[in-house]
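Chain naming follows the written order as A, B, C, D, E and F, and within any one chain the residues start at number 1.
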Amino acid sequence: MPRVTVHRKAHFNAAHRLYRKDWSDDKNFEVFNKCSNQYFHGHNYELIVSLTGEISPETGYVYDLGVLRNLIKDEIEEAFDHKNLNIEVPEFKDLIPTAENISVVIYNKLRVHIPEDLDIKITLYETPRNFVSYSGE
Amino acid sequence: MPRVTVHRKAHFNAAHRLYRKDWSDDKNFEVFNKCSNQYFHGHNYELIVSLTGEISPETGYVYDLGVLRNLIKDEIEEAFDHKNLNIEVPEFKDLIPTAENISVVIYNKLRVHIPEDLDIKITLYETPRNFVSYSGE
Amino acid sequence: MPRVTVHRKAHFNAAHRLYRKDWSDDKNFEVFNKCSNQYFHGHNYELIVSLTGEISPETGYVYDLGVLRNLIKDEIEEAFDHKNLNIEVPEFKDLIPTAENISVVIYNKLRVHIPEDLDIKITLYETPRNFVSYSGE
Amino acid sequence: MPRVTVHRKAHFNAAHRLYRKDWSDDKNFEVFNKCSNQYFHGHNYELIVSLTGEISPETGYVYDLGVLRNLIKDEIEEAFDHKNLNIEVPEFKDLIPTAENISVVIYNKLRVHIPEDLDIKITLYETPRNFVSYSGE
Amino acid sequence: MPRVTVHRKAHFNAAHRLYRKDWSDDKNFEVFNKCSNQYFHGHNYELIVSLTGEISPETGYVYDLGVLRNLIKDEIEEAFDHKNLNIEVPEFKDLIPTAENISVVIYNKLRVHIPEDLDIKITLYETPRNFVSYSGE
Amino acid sequence: MPRVTVHRKAHFNAAHRLYRKDWSDDKNFEVFNKCSNQYFHGHNYELIVSLTGEISPETGYVYDLGVLRNLIKDEIEEAFDHKNLNIEVPEFKDLIPTAENISVVIYNKLRVHIPEDLDIKITLYETPRNFVSYSGE
């Protein structure tokens, strides 16, 4: 059967700051500039989850996008939406919530729920002009 | 010469339903939910056709995008636009018109018209949040 | 208090055809062209509902957009999404489902649920290039 | 001379929460739901500033959009970008930073810098699906 | 009958420069900055033409958008697309091709072809961040 | 460390024509059609620069997108924005400024400034419907 990639777009809003506890405020500002603001700033994150695999001859689906929508809602939106990533999301207790790291965390959270024969790719827009993608490599 | 991918975006509107004749209505609804509605629903499909190959030193083109626009118009828009995919498009007589299957049909319809040394990739948006891509694998 | 307009964007997919029962098929095709196709075609309708009124000094809201989202879901998406407008939506039994008429129907369906001191405007995209707007005039 | 509206789009990211100090946490949650999260959340705000006036016969401009870009940068982006609206922006010390109120604050901040014979309209996207507009009425 | 606005989006690419023959090059640069570049620069102009009038009870249309698409093609795209506005478009022989002036020229070119009982509004994007609108006032 | 791709979107406007000096005007028109117009036309080019590499455990960045933004500004926008590509950009003295060739020139201009262990991909939109991508192959 043909191998096709199916994509589902989702959305969450969150506050964050880029900051290392083991650096001084000056060092944090030098590296992360205004993104290190102690009072936080925030983003509308646009998320695309892409799954690659063979079309099922029974349903014509690679993966039911309604199921994927609900999985993203339960695993990602519930955990991240309207949250402060640094304070309220355990994965970022000791990990700087850059878009790069967020995309890896999202990948890992979804990987355990998606059949192994499907490849996963995460694309995450932090702003309309800055975005990242990660495929588990 | 450098290998570059050129992309052309197109558009068609169509009605469809997801439905297997050999399943009961209940089974169809269980699997395809409201997408199985017997009276059909429809979409504005956004299509991106991508061709990868070497730049021609003579023209600076990989493939003339005006020619590609006309090819998409003749082969895809003429066949699919303002049509009922299940009833009026022969390729879906015994094939469920999921976005996955539509992308494979489009790939196959274009493949015979595009020089063999060019790779083809199809990206098809069924809605702004649900889309698929297929590269002939 | 300042008068502000709040806007909420929503989405539904539907099938339709433009067709008058009291005209011949030829006359329908002459006026509505391929939009009169007897087997229907369809669209991803993008809907923007805009409400204008004074900011509440208590909440800083003109109207709670979460409430508006649910109202659009209950009154419009439930009635139109994944439906055949001609066959399954009673308002179009004797009314051609052009984008113009759909926008008026949506306005009227929402008007009874929105406080009278708020003005309503409907914007409805039938395709990314064709859209309409209606303010109850 | 013809009266034309010129529009300039800009962007800022900020954290906020919807919260009244004189209400209990429960009351805040009841009214503002997850938007009242004590640890804040955030948005990519997209801002459109629109000025309406006569075309200058000398320059063909209503207002130089390069000047408007810099004015938005100095007055709005400097004040709001990568900031916590509740804590760091004085206008919201006693004003809930709803999109409605933010649009009024932006209008007032720009009004004093724009010639009086030009009308101003503010459009502010809090998310791609929720936005507001204000014209000083 | 309800008054509705119908909108049609179109597109053309053109070169231009902002420049007055009766000013020195220095004066032109002072006012128009890099937009005065003697070798021209260019844009993808996105055009929205909006017509407001009563819905026809016969067709459910305010104005057939297929007819409007062809009118825009014949009157605007033919005249402007892939052209140098300063050199090849007679209306700009003595008129600076700012977005403001282009929108007025488009309005006037279409006004003579549109029934008098329909209001016209022109929206013209020079870039995704700079745009203008004109309603004949 | 995980390998992630970071993307930065930028923008420039330019005039160009597709034209070979060693061909007759007729031959140029035959191949390049209205794109060969001797008086030039122009585009709003949207540029996406993508860099792939390992996340730095120190900063959580693959590459600082603020640094990338400035690099694009200095190397690409300064050279191309509001310019006539054929006349004012030396790389196109003997190279037809098709989107394909522009993407290769941009790749080469950036390659020397980006660390060798990062892969680069260029995506260049000439119009919203025509775009190209190049990865140095």
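To be clear about the criterion, a contact is a pair of C-beta atoms (placed from the backbone, for glycine too) under 8 Å apart; a residue touches a chain by one contact, two chains touch by 3 or more.
Because the structure is a prediction, the values reported are computed rather than measured.
Enquirer: Just to be sure I understand the contacts, which chains border both chain F and chain A?
Expert: B
Enquirer: Shared numbers divided by all numbers used: is that above or below half for chain B and chain C, i.e. same or different?
Expert: same
Enquirer: C-D versus E-F: which has more C-beta pairs touching?
Expert: By the number of C-beta pairs in contact, the winner is E-F.
Enquirer: From the C-alpha centre of chain B to that of chain F, how far is it in Å?
Expert: The answer is 28 Å.
Enquirer: What's the distance between the Cα centroids of chain B and chain E, rounded to whole Å?
Expert: The answer is 34 Å.
Enquirer: Of all residues in chain E, which are in touch with two or more distinct other chains?
Expert: 128
Enquirer: Throw together a list of every chain pair that touches.
Expert: A-B, A-D, A-F, B-C, B-F, C-D, C-E, D-E, E-F
Enquirer: Show me the residue ranges of chain C that touch chain B in the complex, using the header's touch definition.
Expert: That would be residues 11, 13-16, 34-35, 37, 39-44, 81-84, 87-88, 127-128 of chain C.
Enquirer: Name, in rising order, each residue of chain F that touches chain B in their complex.
Expert: Residues 18, 31-33, 95-101, 103-104, 128-134, 136-137 of chain F touch chain B in their complex.
Enquirer: Show which residues of chain E lie in contact with chain C when the two form their complex.
Expert: 2-10, 55, 59-62, 65-66
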